[in-house]
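Mind looking over this structure? Questions follow.
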């Protein structure tokens, strides 16, 4: 697979490690890079150390996964060393995912990590289970616009904005981010969800509810990407329920220029490389010359 | 897989600080060294080595374990597992050494029993603070030659379990299996590494687990990014060369603390 | 199982046939009643005949179903005969699901069907793939309030309002319906979704996108029901991904007073009766004396 | 199950109004009488009887079928199935009668072939508008005794296929299998019902399908609420007593139209 440039980032292939997956340490990130990812996104990093929610923090269901990690992170000041190692030890671009409670905090974190030269920043305004962060912000176009603009103002690398599907109109939130200078929209973060152990009556997650990922959300993500592609002028990065190359192609045809893969790492640590190779084979077999050729293809099948 | 609602059918006071909880649910295919995630409803879910097919042996250290110590027969916990990779099982007639410190006996007692069943020759070095805290002494006694060390000298050699290593020819063992406090395991590792036989040894590591299923990365060790919950918890000594082992670990935030 | 009264309706058991499932004819509805349902909801009926979308209109995925029927219906004037037959031939309550593009149309349909004595009306402001209807209305609390009030004003049976999960805040929409006089909130309708046939590049549904149902959406529905139960003072009817009695119990513990079952009819035409019997056995085995005892139980497990 | 992208490997002009499309995909376990949903990309998806393990035979009547008639070898359609319940297969030495009208031959030709393979004795009454429109005449000829009726008398008996029934002892047949226009099938049904042997007959019904998988209820028949797509399309005559059969059906809106 040839290198490809998406939203200002030179990816080795279109399959990127999603935020929060094997993303806590420089070593784990570079391990994922070596295992075939085209790019890697760090765990979301915030302004202060955060322990996250009590366990159980992730459960596998038959048709997906539920998680509520609660944005555990050691803060940008301690994470910058991990980011440095990830950047040094990986031959693929490293994208720093960051979060905060407001524009100032986002700026503080971005500036704090800027020195380690991430290839881009991904703004997490979409985590569904961290009060005051993530989706609490991402449901409000004005906040998203202000935060995106503030971060774009202080960093000299592309800014990607990752959206939540738990809104009435994801396109308007995406538009706000683009208006404020986002180079790409990443969609989607997990979908708000909950499971209950009927024998004890307790919710299965320590945080009571969390975010649904995996197979279950792919049709939701595909539709979000489809709508965002139709409306926006920046590349869309598709995330949600991708575990096979077929899933990646589906997302790309819906409009994604590249994809991110999260929960499927459960199935195999090498899943990203496997997907990337599968995409190549599909393109070749079907006579397409590049990924770009099929980005948004479904919009042209009418 | 959501945790299975499991009834406590027996609570055994193993030592003053450890209790075994036996359940009405069995991990019938668990291998020695694998662990379960034990959910104390409303409190937390924590990793525990599988010490019996249907049980875990718990040291009281904090929130979840304290709450467990308030539970008794007829109460419930949530269980899921078995997770992770267990110890390498010996072949018949192989000779192995088991080195257990404190609650590190939990995953090693089933290994000793399985090894004996297979027909291997088992030596055990068991260490603890004091005589009363020697965990699974009887189980080990039945499976092989047991040597004991206690910090206060109340039984066996006075000192650390590592001191027992000085008196034997470690090259004799086909494999050495270690579990206990990290400082103790690291001492063993250094001794073996000096003799360049650390590749014959397996260490069962502890790190802070969040997902417990190999996705989140919370438990990863430097420099290879190995997941203790999925690539481990049992690691060959070779994989631990030039790692964070014995130096530092990461807590709930992902921030480091030193040993 | 004893009869139970939920939101003004005397159910035979807490497992109700969801709207749009075997709901086109009086005969199919009464067949479902005979197969063990505790109550039955008709296909959503509108003011004028509507053919619905082109096929494929429903596909089974590995972890759920996608459908875009497009609210096909013969209009209330032709459907009233079917409703009459359903009411006559069923020994369980028949709830008439209705839709319209505005309050006037809802009222027209409700008045048109009132003569056949449905046990309640269920207002469909939640179908995700019918432009100008369903979720197009259900994302707007003001419209939901106005429509609910208008229907409540003209009918003398309970009015249930069925919500879409595709909103930023389902609770505020539910509150609007309750303020306007709804006797129950039904949650959820299908979740907006899409699947693509990567070999042809075409979306798999004739309508291009549709609504996700089945297993995949259960955690989403459970969370919606949990939040609605915590906030509202009317009974919640839980729908979404229920195919086994365990799923029904989960929904009830989250806060549902009764459940509706849709796509699972694919697996067996008798699934509703099977679920109802499973609930009974569970209650007995666990020593609970009634369904009511476990409604919202999870809220008390802290 | 999403439709399988299937390549047309051959288009056979069966009669002036019907074509068979053979695909590179097989419904290898399909039973005679089962149907497939055939997706004409960008147009519609419609039910078609499975006339060959890897093919359907289509009469041009509207949007989707017209578009199909523009497709040729190397083009693609989407296929899913097999769906529904097929005809009851005979036992060896049983004697069956097949009554096919027009494109109703599509699901019946495979039945005739399968019945012959089994060793049953097969009579076929085949009807159509005119000689050219006799579908699968050769396939039927090879499997049993073929009697023909055409509306215009260009071949066989002049008149409806039902007229052929008058000359035979219908009680001789273990089973009678019918597919064709509803009016024709209903005439057969009435004749058999008069003799009280409609229970020996099976009718392959057509109704408007939406989901095609037994969920939406669009295809349900009065008064039992039977789903043609899932409980059928083949129904025993007994189930059709006192039903809407021959009286009315429902279209896309669910509204009724009379025959």
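In this document, chain identifiers A, B, C and D correspond to the written order of the chains, with residue numbering beginning at 1 in each.
As a convention for this text, a contact is a pair of C-beta atoms (placed from the backbone, for glycine too) under 8 Å apart; a residue touches a chain by one contact, two chains touch by 3 or more.
Everything numeric in this text was worked out from a predicted model, so none of it was measured.
K.L.:
Can you list every chain that touches subunit B and also touches subunit C?
P.N.:
Neighbours common to subunit B and subunit C are A.
K.L.:
Given the two chain pairs A-D and C-D, which is bridged by the higher number of C-beta pairs in contact?
P.N.:
By the number of C-beta pairs in contact, the winner is C-D.
K.L.:
Give, as an integer number of Å, the spacing between the C-alpha centres of subunit D and subunit A.
P.N.:
The computed centroid separation for subunit A versus subunit D comes out at 51 Å.
K.L.:
For subunit C versus subunit D, what separation do you get between their C-alpha means, in angstrom?
P.N.:
Centres of subunit C and subunit D (C-alpha means) sit 36 Å apart.
K.L.:
Measure off the straight-line distance from the CA centroid of subunit A to the CA centroid of subunit C, and report it in whole Å.
P.N.:
Whole-Å distance between the two chain centres: 33.
K.L.:
Cα centroid separation between subunit B and subunit D, in whole Å?
P.N.:
Centre separation, subunit B to subunit D: 68 Å.
K.L.:
Please output the residue numbers of subunit C that touch at least 2 other chains, ranges allowed.
P.N.:
In subunit C, 61, 195, 199-200, 202, 301 touch at least two other chains.
K.L.:
Find every residue in subunit D that makes contact with two or more other chains and list them.
P.N.:
In subunit D, residues 41-42 touch at least two other chains, as defined above.
K.L.:
Throw together a list of every chain pair that touches.
P.N.:
Chain pairs that touch: A-B, A-C, A-D, B-C, C-D.
K.L.:
Would you tell me which residues of subunit A are touching subunit C in their complex?
P.N.:
Touching subunit C from subunit A are residues 61-64, 66, 139, 166-169, 191-196, 198-203, 209, 212, 215-220, 222-223, 226, 246, 249-250, 253-254, 282, 286, 294, 297-298, 300-301.
K.L.:
Tell me, which parts of subunit B touch subunit C in their complex?
P.N.:
For this pair, the touching residues of subunit B are 41-42.
K.L.:
Note which residues of subunit C are touching subunit D in the complex, please.
P.N.:
20-32, 43, 49-52, 54-61, 65, 67, 69, 72-75, 78-79, 82, 195, 197, 199-200, 202, 204, 206, 262-263, 265-266, 269
K.L.:
Please give the residue numbers of subunit D that touch subunit C in the complex, ascending.
P.N.:
Against subunit C, subunit D makes touches at 1-3, 5, 37, 39, 41-46, 76, 78, 80, 209-218, 220-225, 227, 250-256.
K.L.:
Spell out the residues on subunit C that touch subunit B in their complex, using ranges where they run on.
P.N.:
301-302
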